[in-house]
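Multiple structures follow.
Each of the next two complexes has chain A plus one more chain, namely chain B in the first and chain C in the second.
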Partner chain A sequence: MTARTEPRTEIHDLEHDAFLEEVHSFEFWFQAVEGYLSGTVHGHRPDTRDVPPVGSDRERLISTLCNYCIGETAALEGASGLIAIAPNRLTKVFLSTQVADEGRHLEVLLQRLADLGVAEPESEVEKRSSPSLQLFRRRLLELVASRDWEAAIFAQNVILESLEYAVFHTHASNADPITREVLEGVIKDERRHIGFGENELGRKLAHSPHIRARLGQVRSQLDHLVLDMLETTAREIGVDRHEQERLGRTYRESVERLGFGS
Partner chain B sequence: MADFLSAYSIQSWLESCPQGYLEDTEYGHAHDEKEPDILLDNEVLREETIKATVQLVVGERCALSASSGLINAAPDEASKRFLATQTLDEARHVEVFTHRLYDLGVKKNELESVIRHYANPNLVKFAEVLLEKVDKKDFIAGVVGQNIVLEGMAFSVFEMMYAMNEPINAKFAHTLSGTIADERRHVGFGENRIGSLIKENPGKKSEIERMQKEMSYWMLATFADAFRGNRTLDELNKLGVERAHGHYQGADLGVLSPEQMEHVLADTVLAEFKTRLGRIGVEYQTPAMPA
Partner chain C sequence: MSDPLQGHDDASAEPGAGERRRFILDDTGFNEVPVKYRKFYRKWRGAGDALAPNEVVCPVCKVVIRSTRELRPGDRVYCMPCMSRLVVVRGESGMLEARVAY
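After this line comes the complex of A and B, so read on.
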């Protein structure tokens, strides 16, 4: 899927429908991920030297990764459930690429836990999961099950993905080399997912502004869970107060870009 | 189980599929491969090709709904992750067959109405039986219906279509070869994962057998419509174009009548069902024959 012998049109010059046909396709996904996944094994280069943390730092990293696994499982279950209610073929195909991304994230994070010496990563994840994150997961799946497309996309591709993007970005800056590479690959995927959510909801809001009030309600129901998760994770990855504030700001900015101020 | 499922990991999928047999393809075929002129220029052949391709899109849309729906019903993380790769495979199939419709001249704004017009109602019923199990989050029945019955049918249909197209249409044969490789992986997962679950839940067997019998009936009805109502051979005869002599299951497809082709395909798929269901401890049920 790499050899294109004819120059392609610059995608931002395309008409809107043609733009969506391009950016929501398997072809586009493959070209995007090939650039940063080619030659990697479980999300990192095979020759990257492992310098795992020890003692309490290792314990904190394990707890953090366990909670990332819960977040990714929620995203995998949410994205796959959304395919059934997606309004058209292009959004179904895009969500299928997101399902594979989320499945990959879960796999590389579980593998990282195994590399750190966790004997049974899946049961460890259950043991260490944060109640706020589990509650968020339940709320998200309730929105999907209620077939509320806009609210579920908002919770999944704006709130959850923005949270993960902000946290992973900060964590990657002070993580050990392998964890950093794994997170950097995940961040690149999250950016694509957030873009989809912003695009999909941005258009819907432009045509049906009344949706904004409902999404504002969803945000107010989920925000305290998100902020609680942010605080816990920031503590575990060892960032200072200033960085914690920046983390919260990054999350809020992503959400507010769509016009959902607190 | 963990060891077997590691063969179905996303890492393995990345290495074997997008970085393997899909390398250097675009919408499933090489960049410079095109549909043969005769399919694009002759209205009867074009319409029959569109009709056949629509059935592929309908089947793949069903597979996409089923595999994504089964993720939330999967009892373990590794199965969820395999189904994530299958979801993306099925979406890719929807995409490549949809693009074939565009290549055959279907306009983008007419896509859904063309699909509605040509979708075989028996194939839609086949899909409904499966999707009912998925809606109920019935993982065991859903995986048997999806990865053994639906994928088993698709595998044989694609192989037959590949044999028909390989001598005359490199582009479509290439597209089919990638989907066949995917289907082989999906069928393998179904057989390997479900065998142990059936052993743990023997009470599910009779329900699964009923489902297989019903899905098989609608499949046979779809085959009957597809072969008996097809105008392709008459049109080729009228044009004086010799049929391609692809070989499938030991038969020369260039000399068989449509009814004979239907029987070869139906017998092949049903025999495959029997073998695969036997491997997971489910007894194959002979379906009623459509009129």
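After this line comes the complex of A and C, so read on.
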């Protein structure tokens, strides 16, 4: 039985087109998420003991989760809008899997807020959300509405996803057990999202270098919002200055790999 | 861990660089890709972890990519968890590294 599931060739021998056809598919996505979400309830194992924070730690966690909900809502709205302007079938299919991921993230984060005793999670999210993050969300949706594929993918799948990936990693390392499991599941989804954004833009930049200046503008418009969000979140999840600097470096890595230095 | 199988030829080996070692990949518990591809990846275990000659770290998502062959500069590998195509290079430290090939 095992032999039938073995790939006929080493995965690294595939032609690039065949590799993209394989990974930008619902078949791949179903089997990938099944590996780490099967058996979970609201993003965590049902037998994980809840040890929620209390007092000011609880308040800080609620504020942090509220901001995560805004980020996930922005990505959900952005990814769903981008399907209409995606340049080909594979990018449309990938984005539709991303929409499912982002919807799930929003759902499990709202559930975590409810578990923490927040009576009306959605209105709490609106009350506590950071103005910088709300502004980022508006700017992203403006880029989507203007049908600017490269700029919107840059804002969403490179800048926003890199920020979330870095922050969730750090937060998961010092969170309570259930929040940690929820975030670890989200991080596994985020790997696909940041990889898609970086590779899609990397290919576009290689063939159309003139878009670099436009993306540089987008970065300069959004960077201060991102750094403000990073600083606020780092304070709320209680990381020291050294860890905050490491967070900033992690966030900048993919942007810099695409050739957008500080 | 990877188990080298000595004595296997590999036609793609660099001229003059000797035969490449071959490796049998076992399941490392990595659960972020479909079952049939899991053996090609593992988690980076942080400080104290060491890469085998058939492994490189993905610079995009930090997952360890594994091959059935000893890796050499110029080889292409794919990171399925983040869907990146990578090329193996010799880093400044002398260790093998992977660079994204868009």
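Here is the rule we go by: the second predicted complex is superposed on the first by the 250 of 262 C-alpha atoms of A that agree within 3 Å, B and C clash if a C-alpha of one lies under 4 Å from a C-alpha of the other, contacts with A are read in each partner's own complex, and residues count from 1 in each chain.
Following the convention adopted for this analysis, a residue touches a chain if its C-beta (ideal position, glycine included) is under 8 Å from a C-beta of that chain, and two chains touch if they have at least 3 such contacts.
On a predicted model such as this, the values are computed, not experimentally measured, just so you know.
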If you stack the two complexes on chain A, which partner ends up touching A:Ser56: first (chain B), second (chain C), both, or neither? neither
Any idea whether chain B or chain C touches more of chain A? B
Name the contact category of A:Gly103: first (chain B only), second (chain C only), both, or neither. first
Determine, under the contact definition given at the top, whether A:Glu198 touches first (chain B), second (chain C), both, or neither. second
Mind working out whether A:Glu122 is in touch with chain B, chain C, both or neither, as first, second, both or neither? first
If we overlay the two complexes on their shared chain A, which of chain B and chain C does A:Lys92 touch? Say first, second, both or neither. first
Once the shared chain is lined up, is A:Ala32 touching chain B (first), chain C (second), both, or neither of them? second
For A:Arg257, using the defined touch cut-off, is the partner it touches chain B, chain C, both, or neither? Pick first, second, both or neither. second
In the superposed arrangement, which partner chain does A:Val41 touch: chain B (first), chain C (second), both, or neither? first
Please write out, lowest number first, the residues of chain A touched by both chain B and chain C across the two complexes. 5-6
Chain B contacts chain A in the complex at 9-11, 14, 18-19, 22-27, 31-32, 61, 64-65, 68-69, 71-72, 76-77, 80-81, 83-85, 87-88, 90-92, 94-95, 98, 108, 111
In the complex, go through chain C and note every residue touching chain A. 31-38, 40, 59-61, 63, 67-69, 75-85, 100, 102
For chain A, which residues count as touching chain C in their complex? 5-7, 10-12, 14, 16, 19-20, 23-24, 28, 31-32, 35-36, 188, 191-192, 194-196, 198-199, 202-203, 205-206, 253-254, 257
Taking the complex as given, what residues does chain A use to touch chain B? 1-6, 17, 21, 25-27, 30, 33-34, 37-38, 41-42, 73, 76-77, 80-81, 83-84, 89, 92-93, 95-97, 99-100, 102-104, 106-107, 110, 122, 141
